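My structure is below; once you've seen it, I'll send some questions.
Labels run A, B, C and D following the written order; every chain starts at residue 1.
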Amino acid sequence: MNNGKIVAGIDAGHLNTKAVLIKDGRILSYAKAPTACDVLAATQNVLNEALKNAGVSPDRLSGMYITGVFRNMVETRTLNVGGTVPEYIADAKGALFLDNKARTVIDIGGNVHMAISFDESGNVLDVIENDKCAEGLGIFYRNMAKVLGVTEEELSELALRATKRVSVAIQCRLSAESEAIDLMCQGVEIEDIADAIARFIADRVAAMCTYVALRKKVVVAGGLAKSQAVIKHLQNMIKEEVSVGDLPEYVGAIGAAVSYGGAK
Amino acid sequence: MAYSLKVWGSFKNYQNTCYRNYLYASKGLRVIGSTWSPLSPLKGLGNDIFLMGGEPHCASKAGTLPEEAREDIVGAEIGGLGFHSCSYLKLFIGEILRDKVGITDGTIKEGYPIPDLIWTTHLCSQHSKWYQEVSRRLGGIPMYAIDMVGGGAAEKDVKIVNYVSDQIEAGIDWLERVTGRDFSDELFVKAVRNEIKVLVLWGNICALNMHSPAPLDERRLIALFPPAIVDRTTDESVKLYESLLKEVQEMVKTGQSVTPDQRYRIVYFGIAHTYGHPEMARILRDAGAEIVASVYTFGTCGNFRGIVNGKWTWEPIDPHWVDGLDLSTRRKAIMELVKIVLGWPTWQGVRSYWAIEEMAKAMVREYKADGLLLAPSRGCETDFRNGYIALQRIFRKEIPTVEYDSDQVDVRKMDLPGAKRKTELLVQLMEARKKGNAR
Amino acid sequence: MSELGSMNKQMDWKKANVIVAGVDVGSVTTKVLILVEGQVYAWSQVRTIAPKESVFNAINEVRYQTGLELQNIQYVVATGRGSTQVTFAQRTMSEISCAVAGALRIWGSSVRTILDAGGDSCKVIHCTDKGRVTDFLWSDKCATGIGRSMETFADLVKKEVTEIGDIALQSDQFPKLSDFCVVYAQSEALDLIRSKVPLKQVIAAYHYAMAKRISTLVARSGVKKDFVIIGGLAKNPGIINWLESILKVSRLAPKPEVDPTLIAALGAALFADAFYRRQ
Amino acid sequence: MVKKESDAIIEKFRSIIENVTEYGKSLHEKGRVLAGYMCTHIPEEILYAAGIVPIRILTSHESQAMTRSYIHETYCSFSHDCAYQGLRRNYDYLDLIVTGSSCIHMGEAFNVWVRFAGFHEKSYLIQYPHIIHTKPATGFMVESFGQFKEFLQKFTGRPISDEDIEEAISIYNTNRRLLKRLWEFLRSDKPPLTGLEAATVTLASQVMDKQECNGMLEQLIKKVGTERARERSGVRLLLTGGSCDDLRIFELIENLADRSTIIFIDSCTAARYFWFEVPEGRSNKLEALAEGYVGRIPCPAKDNVPGTGEKKRFRLIKQFIEDFRPHGVIFIYQRFCSPQPMDVVGLKPLLLRLGIPFVDLELDTTIPIAQFRAQLDALVEIIKKVVP
């Protein structure tokens, strides 16, 4: 890392934009805000917040690197953008930065999810992305929390207290949402429905992971990694130990900063 | 400098003439049916038989008139067809329900030309049902469907060859009864020889893409094979493909290609033409990545040596072998024709997972591929979609492999944003591998 | 959608001798409607969470406004997806028959086709002038959740679900999105934003796609005059505008006195009224 | 109230379906050789003649995404669920699995068992013709059955004589006649049993050893005819469509707001399995089998009358409607099924002409019971001409 210099990594995702400041291999601060389809404003907002949290003035920033699905919308003159990084490269670099024994990262993002295997220096070996019907797991989780009348954290706690095994449609988030409500209308306990929801997400991600050779140590990134219920189900489906750092949704942003815009 | 084919114009005009003859025929017989049926039995009825085929008509219409095609598919759904039925089928029946047909030269004819009879095959369980629906909607058109059985090395299985030959023999009697015409074995045998010759010639043309640079790319190939699909029984079609073979052989001698910048050679498995979408094409072109081989364009109407002691090879069959074929009796001609059609890669791969994998391994080996692009179609019941899942497992370790999530002609089911991401991913993985090997 | 409800001040249920209720437990909202002497007296609408809880909240909302207790209601008919969860209902009726009963009461007996564009599924219902259902078409699984996903889409573009309908009318030039299912449409809408298409056009494109999918269902089952639209999407001008232009048939104007999402609950109450009088 | 014997027998049939594994293992412990099948296009008589008990592989209706990395996701959920049974090794006690080539979805489910569930050496694919009503097709079928017989003789290590096949044909025909008589009770306006019970028994017969099943069926038919009260059937509903082994659907249809009874099910998990007979006493046994199997109610994947493209099953459905006099028809077919919707689009105009209301239920691994209840209640309300 260029010593003494502060680098910013931004991950402009479908749902949320995340920013992280790194100095001498140490994370100074991080911030998150909904993308809300105004990527420029969201990026500006999270960057200022991260700077405020770190008590650093903008001019001490030596460079800024962008990743995420909306990365091409941030290349403007007003922000001195050093470069953009494809998501799977940022995820690989970020996961390695947080845990140097990591060799595979499963990123369950707001809309798109993917699994990336990489070598010890973070070079991407293989990538698999979700197919169309499996899109929007983050949106699904948030919707189901609203339908059950709980917060996303409570949804995970509910799922962990489930007793009976019920299941919802596996095809797409809308069939699953519809059948979760159907189960509610049949008088099924909320806990069991929450468990079915977590299992649906883990099932879909696990099915995708069978295409890549999951190299030990598997790390999970993205907003949904914070749901213990999803992680519990994912682990016994892919039959692999997975670890979740304390900043799972910032892995992309960290990777962007760490890779210094190494890619194109 | 990118080479441009001299025969291109005559190919386009042959295909358009066939379609126009069908649309505006005032006499003779209009026959529709699947692309995958042996066409020569129809030509025993005379020279005034006008054909339109099924799938490539839908594919080319969706290419030339995308808005019309989209309304056709929705029209079929309004007509009650299933939302997950085959999108070729829905486009075809949509044209009937909306009472207008569009063809590759852009003309849209109001008033659906009613076919006199339907001559088709049972490939997937959608296929014969497609034309049963057409027959019912148009008031009961006589229809004959051949059960081709298919499967790996089917042309070497005497039981299947006899079964399909018996059906064609019974089919010829049916044709005579339905049309009231006498069947001319002489016309039939001439048509059989032409049909087999064109199929073998197309195999030879495709095999030339093994060279580097490959003379043709998938975009040209997919535009050059429809004439062989619509009507490959005429002397004119044989001349067409002989002239194309000569020209491509010349290109190989002089190292010419329609896409000279071929830094990466891609093998393509899929019916959907998602690679042809502007954005995807741009990403591939900028990276110098060209599709040099594809199972659909090679295998839908092309013959190769196929399974030679357990292994598949895309090596071509010598065209002169066709001239020596003994077609002296009707039964012999039928059996040779059946063996050739059962030899098509698509027929073999549809019902045998091991055959599709052998074909893929051979294609990646013989065409020296740097990347494998898979495009399963959501609406297509066969399209070896499970083969693609198995192919991913086999090839991911060897060469960069990416799978689109697409559909034949229903643009609503094509994941274009995902395809953009995955095309960029394929190019980056191929670049990384080339750099990795170089290191 | 906050707790909503209102009552007709001129009426006093204490003097009435026939008080019935219709309870419609939908997949997005739960509605209770009280009929006093066959007239709409009060109604309430709450968000559906666990059905039993939402029904309890809806009844409480009516109690706050009118002082009416459950035991004062002589006959209750439940309808909607969670109808079996309404334990105090004497009978359940399908939302198809209730939609017809309610629609004919509001728009009169000239109605022949009703589109119930609800939260989870769309239903196209045909009926006679007497309110008898002749046939109906229920949307297939790939058209699930069009109504409910309006809220998700509104979140994605950070607008209120009540305003996106009007914004959608502001542009008639927009790229075409996939109109096969909500997941495809929303994912392509996000991609339009990525390729810097103005937000107004993206909202219009999404509304056109959803209207096109619903119109395919309506056309598939046939439209006979007069045509009315009920359910949540009836309040979205964007969807209604494109539906009418694609189907080339215009619906009867909505009646202000009853919200289109309450028609099924009204129908259930009318059935309750009829069953009670027949007892 | 003393438990009626017929209830006990039906209860036994039901317990067999609920834990097929237990039943299968019990046969295995008795030293019986077991062959599993997923699609009913197989000549079970040849298996039975070789001393092998055919058992139909039923699904668990447990939603999972594991099979999405083996079979494409737009394949019907029945094929996914059958493949899942193999991957979960739920049927490892089977000695063999057999299938006839029919629709491609079920072919792929079979392939998953062969390639990934350890049945590569213990599997056989019968090349069954697709367009079955032609003369060449019967010849091809006889040849395929012959090859199947050769394979079984090598597999079991003992010859299969014509007498063995004739005996198997008569056992199977008895089973078919008994099942037919069971369903014929439902023709009357006051049937002594419900469609759910008949469906449960039919489904169980597909996993049982036929001789044991025939014994129980004879006993059941005697008892049902005598000891049971005959109640009005209420709304009579005919089901037609794809394979459906989810008893919850039949239970739902018979527990609606108003009294309703299932009076016929045209599906390969019901009538299409047994509504035919194989001619007995013929010298060429394989030809007799081919003639019998061509005479079945055709599956939509194999229904194409040569020369006209007409669908033979439509004529048979008209016949069932006349015999069983349903008030309403329920289409049950798997989401993503390819052949079924192409028949449904042809059957609907026929029902409109007959003035019979209908509803579509789109099946999947898991089913939205509350939504189906609303659709079925609506159908019953249409039939009863409910008006406010």
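In this section, a contact is a pair of C-beta atoms (placed from the backbone, for glycine too) under 8 Å apart; a residue touches a chain by one contact, two chains touch by 3 or more.
Here the structure is a predicted model, which is why all the values come from computation and not from measurement.
Engineer: I want to compare two interfaces, A-C and C-D. Which one has more contacting C-beta pairs?
Structural biologist: Output for the comparison: A-C.
Engineer: If you average the CA atoms of subunit A and of subunit C, how far apart do the two points sit, in angstrom?
Structural biologist: From the centre of subunit A to the centre of subunit C is 36 Å.
Engineer: What is the distance, in whole Å, between the centres of subunit C and subunit D, each centre taken as the mean of its C-alpha atoms?
Structural biologist: 40
Engineer: For subunit A versus subunit B, what separation do you get between their C-alpha means, in angstrom?
Structural biologist: 42
Engineer: Once you find the CA centre of subunit A and the CA centre of subunit D, what distance in Å lies between them?
Structural biologist: Inter-chain centre distance comes to 46 Å.
Engineer: In subunit B, what residues contact two or more other chains?
Structural biologist: 79-80, 84, 413, 415, 418
Engineer: For subunit A, what residues touch not just one other chain but two or more?
Structural biologist: As it turns out, subunit A has residues touching two or more other chains at 131-133, 169, 171, 175, 178, 182, 185-186, 211.
Engineer: Could you list the positions in subunit D whose residues touch two or more of the other chains?
Structural biologist: Each of 69, 335, 364, 370-371 in subunit D touches at least two other chains.
Engineer: Can you tell me, using the touch rule above, whether these chains form a line, ring, star, complete graph or other shape?
Structural biologist: Drawn as a graph, the chains make a fully connected set, so complete.
Engineer: If you look only at subunit C, which of its residues touch subunit B in the complex?
Structural biologist: By the definition above, subunit C touches subunit B via 140, 142-143, 178-180, 184, 187-188, 190-191, 194, 212, 216, 219-220.
Engineer: Tell me, which parts of subunit C touch subunit A in their complex?
Structural biologist: For this pair, the touching residues of subunit C are 25, 27, 47-53, 81-82, 84-85, 120-121, 141, 144-145, 148-149, 152, 156-158, 181-184, 186-187, 190, 193-194, 196, 199, 202.
Engineer: Which positions of subunit A touch subunit C when the two form their complex?
Structural biologist: 14-15, 34, 36-38, 69-70, 72-73, 111, 132-133, 135-136, 139, 143, 147-149, 169, 171-175, 177-178, 181-182, 184-187, 190
Engineer: List the residues on subunit D that touch subunit A in their complex, please.
Structural biologist: Answer in residue numbers: 62-66, 68-69, 73, 335, 364-366, 368-371.
Engineer: Can you name the residues of subunit C that touch subunit D in the complex?
Structural biologist: So the residues of subunit C in touch with subunit D come to 80-84, 91-97, 101, 120-121, 130-136, 138, 140-141, 267, 270-271, 273-274.
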